[in-house]
Amino acid sequence: MKNLMKAFLVTAMLCVFISAPAMAAKKVVVGGKNYTEQYILAEMAKQLLEDAGFKVESKTGVGSVVARKSLVNGQIDLYYEYTGTAYTVFYKKKDTEIMTNPDKCYNWVKEADAKKGLVWLEPLNFNNTYTLMMRKEDAKSKNIKTISDLAKYIKENPGEINFGIDSEFYQRPDGFKKLMKTYDFRVGRNDIKLMSIGLTYMALKEKEVSSAMGFSTDGRISSFGFVNLVDNKNFFPVYNPAPVVRKEVLEKYPEIRDVLKPLTEKLTTKEIQKLNALVDIEHKDIKEAVSDWLKANNLI
Amino acid sequence: MIINFLGKLKTFFLFVLFVLTGVYLEKIGFFDYITDPYEYPYILRLLKQHIVMVAVSMFLATITGVVVGIILTRPKFSKYSGIVMYIVGLGQTIPSLAVLALSLSVLGIGFKPAVFALYIYSVLPIARNTLAGILSVPPEIKDAAKGTGFSNMRILFEIEIPYSMSVIITGFRVALVINIGTVALGYLIGAGGLGELIFTGISLMDTKMLLAGAIPTTLLALFGDFLCELASFILVPKGLRTSSKTN
Amino acid sequence: MNKLLEYILENYNNIISLTWEHIFIVSIAMVFAVIIGVPAGIFITRYEVFAKKVINTANIFMTIPSIALFGIMLPLLSPFNLGLGKVPAIIALVLYSQLPIIRNTYVAIKNVDPAIVDAAKGTGLSRWRLLKEIEAPLAIPVIIAGVRTASVMSIGITAIAAYIGAGGLGVLIDQGINRYYTEMVVTGAIMVSILAIFVDAFMAALERISTPKGVILGRKLEK
């Protein structure tokens, strides 16, 4: 019995010693949405923070609404959100003057979220806007360069064009339903195929749909031979990504701001496109691609 | 006495649950959503897609499953039955999502790859039950029939099949319920169906959309299950009817 | 094929960690399922009145398509911030596993030859000892068979749970589809299948080992 007690005490002390460093460590939970660019951004934040001595847990792979709710509820501490998304989806605002101007948009959402205890850190410099894509030869043969061209074509040839879009895009206030209204065209519900994000590129490639929705920094657009239709009516807001952190977490670890700052200068549109292509086309592992890039840019 | 009381309590409880669910659904705008003139035809269309996928794959699976099951009981092929059933058993262990995913990687996205995956996945319970059912026919009955001059064909159709009807229908029923659930996953490989509402509802945290997909799918499965009970009642000869509730 | 092997070798760590996550979820669910299901099964053998109702209820749960059940639980659990993740997945798995486990427990105990039970009672065995020394050893193989069915089914459902944020091998399938990365999808599908087949074989072996020698002998003699 005495021996048992001794063994128990030793084990208990060992447990405390082993977990002590863990308890003292700085811990952050990083969230992210469910497409490649978001996985890359979340991974960047993770590696940069780990390099600065943080213990990071990732909770990625969810939709925009879920990511936002998780942040508000404190289930995650930080994730990269796009200015346009926050403006139109979470705040449901539609002032075109603000939302198409990168600075105005960023300042607006920063102020609004500050009241909710959410801090927007330095934004990144690229614009990952939604785009409507078509296969290059198809667009050429139908003489379609802008979304207005497409709208005109649809009116003259009803029933010919069908769309492959992501379910989130369909419902969002900056999404497809509103797009149809702004460009004054209407496609039957049967000609709108909803699918999960990655599948839209496949559907367009396999000619299952005539036009698909995509992200402008996605690496597959050029490599699959797609072309982005010009948003001549400036329907889409600007989407600059920025880390959004909970106030309490930032107050506890103010160094987070400086750890993530360097990305603003180094992660340009070209760089993110390259990274996206590396992951989506060449199928490079996300962790590796990110760590290689960070090392090459002397950030870790 | 206590039993009576508990029974009444259960009914009361279920009734309250039913009413509360109705109130909740009304509160989140579920009924408005499914009767909205823009959304309503879309929901019906997804339901139709769903039913078509179930019907086509189950039809093909039943024909294949029953035929394969019967063939394996014929003396010529009975030596293969062990191996085939082992492979079949193995196939049943593979999760439905995996079968859909493999179908996607080989056949691409859309309706056809999904139906193909569903077909493959649904053959197994039917084939296995057909085989087991026919093998369980007591040899004495077959002997007696042979003795009275029945041809092998007649034995098959008038004795073996009716005798195993109950088991075959159970196999069909198991396959059907799983099939309806798996069709909901078909959305993930671009095949549409009620899964579209469910997964979109999850990603947008839109409860009414999610339930507009989940509830019909559940009702469809329960209804299919019920239809099989009915079919069992009609198709199984009176003398062989056993309670299948604990099956 | 080459690309597949390449993928597996490069992402070995990730694949293994997802596999462990998958196993973790299923294991926890099975533990709870057995803790709830076996006593429930024993209960309804003593109080037959509830047998039909309990088994019917469990049956209804199993008829509900898994993704639909996840969907229905989402709004129910969101107020507690548990709508997504491992918790709803484990709850759903426990619910699904009740039918095979309760039903098998019930049938197993019921099927113990009444003559044996009588003889045991005749020698003065108490209810508890009766359960422990006669009914249990005979019923255990059948109960294990029920747990086996539940486990294999749970592995499949857990793959789907990746879509409500539970992690596990379904993540490979989900991300693979979104990134148009066939090798990832195939790896996820194959790993889940291997896991299911392995667990099935393992539990089949458990079934065999746990069958009392006398029963095996009896079966052989019958043939």
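The first chain written gets the first letter, and so on, giving A, B and C; residue counts start at 1 in each chain.
Simple rule for what comes next: a residue touches a chain if its C-beta (ideal position, glycine included) is under 8 Å from a C-beta of that chain, and two chains touch if they have at least 3 such contacts.
Just so you know, these numbers come straight off a predicted model, no measurement behind them.
Viewed as a network of touching protein chains, the structure reduces to a complete graph with every chain in contact with every other.
When the C-beta contacts at A-B and at B-C are tallied, the pair with the greater total is B-C.
Between chain A and chain C the centroid-to-centroid distance comes to 37 Å (mean Cα coordinates, whole Å). The geometric centre of chain A is 39 Å away from that of chain B, both derived from CA atoms. Rounded to whole angstrom units, the spacing between the C-alpha centres of chain B and chain C is 20.
Shown for chain C are the residues that touch two or more other chains, namely 174, 177. For chain B, residues touching at least two other chains, in rising order: 188-189, 199, 202, 205. Shown for chain A are the residues that touch two or more other chains, namely 34, 62, 66, 196, 199, 202.
Residues 49, 52-53, 55-56, 59-60, 63-72, 74-75, 78, 83, 103, 106-107, 152, 155-157, 159-160, 163-164, 170, 173-174, 176-177, 182, 185-186, 188-190, 192-193, 196-197, 200 of chain C touch chain B in their complex. For chain C in complex with chain A, the touching residues are 7, 10-11, 14, 81, 84, 165, 171, 174-175, 177-181, 183-184. By the touch criterion stated above, chain A contacts chain C in their complex at residues 34-36, 59, 61-62, 66, 73, 75, 196-199, 201-202, 220, 279-280, 283, 285.
The touching residues of chain B, when paired with chain C in their complex, are 3, 10, 28, 90, 93-99, 101-102, 104-105, 177, 180-182, 184-185, 188-189, 195, 198-199, 201-202, 205, 207, 210-211, 213-215, 217-218, 221-222, 225, 245-246. Residue ranges of chain B in contact with chain A, taken from their complex: 38, 41-42, 45, 108-110, 187-190, 192, 196, 199-200, 202-206.
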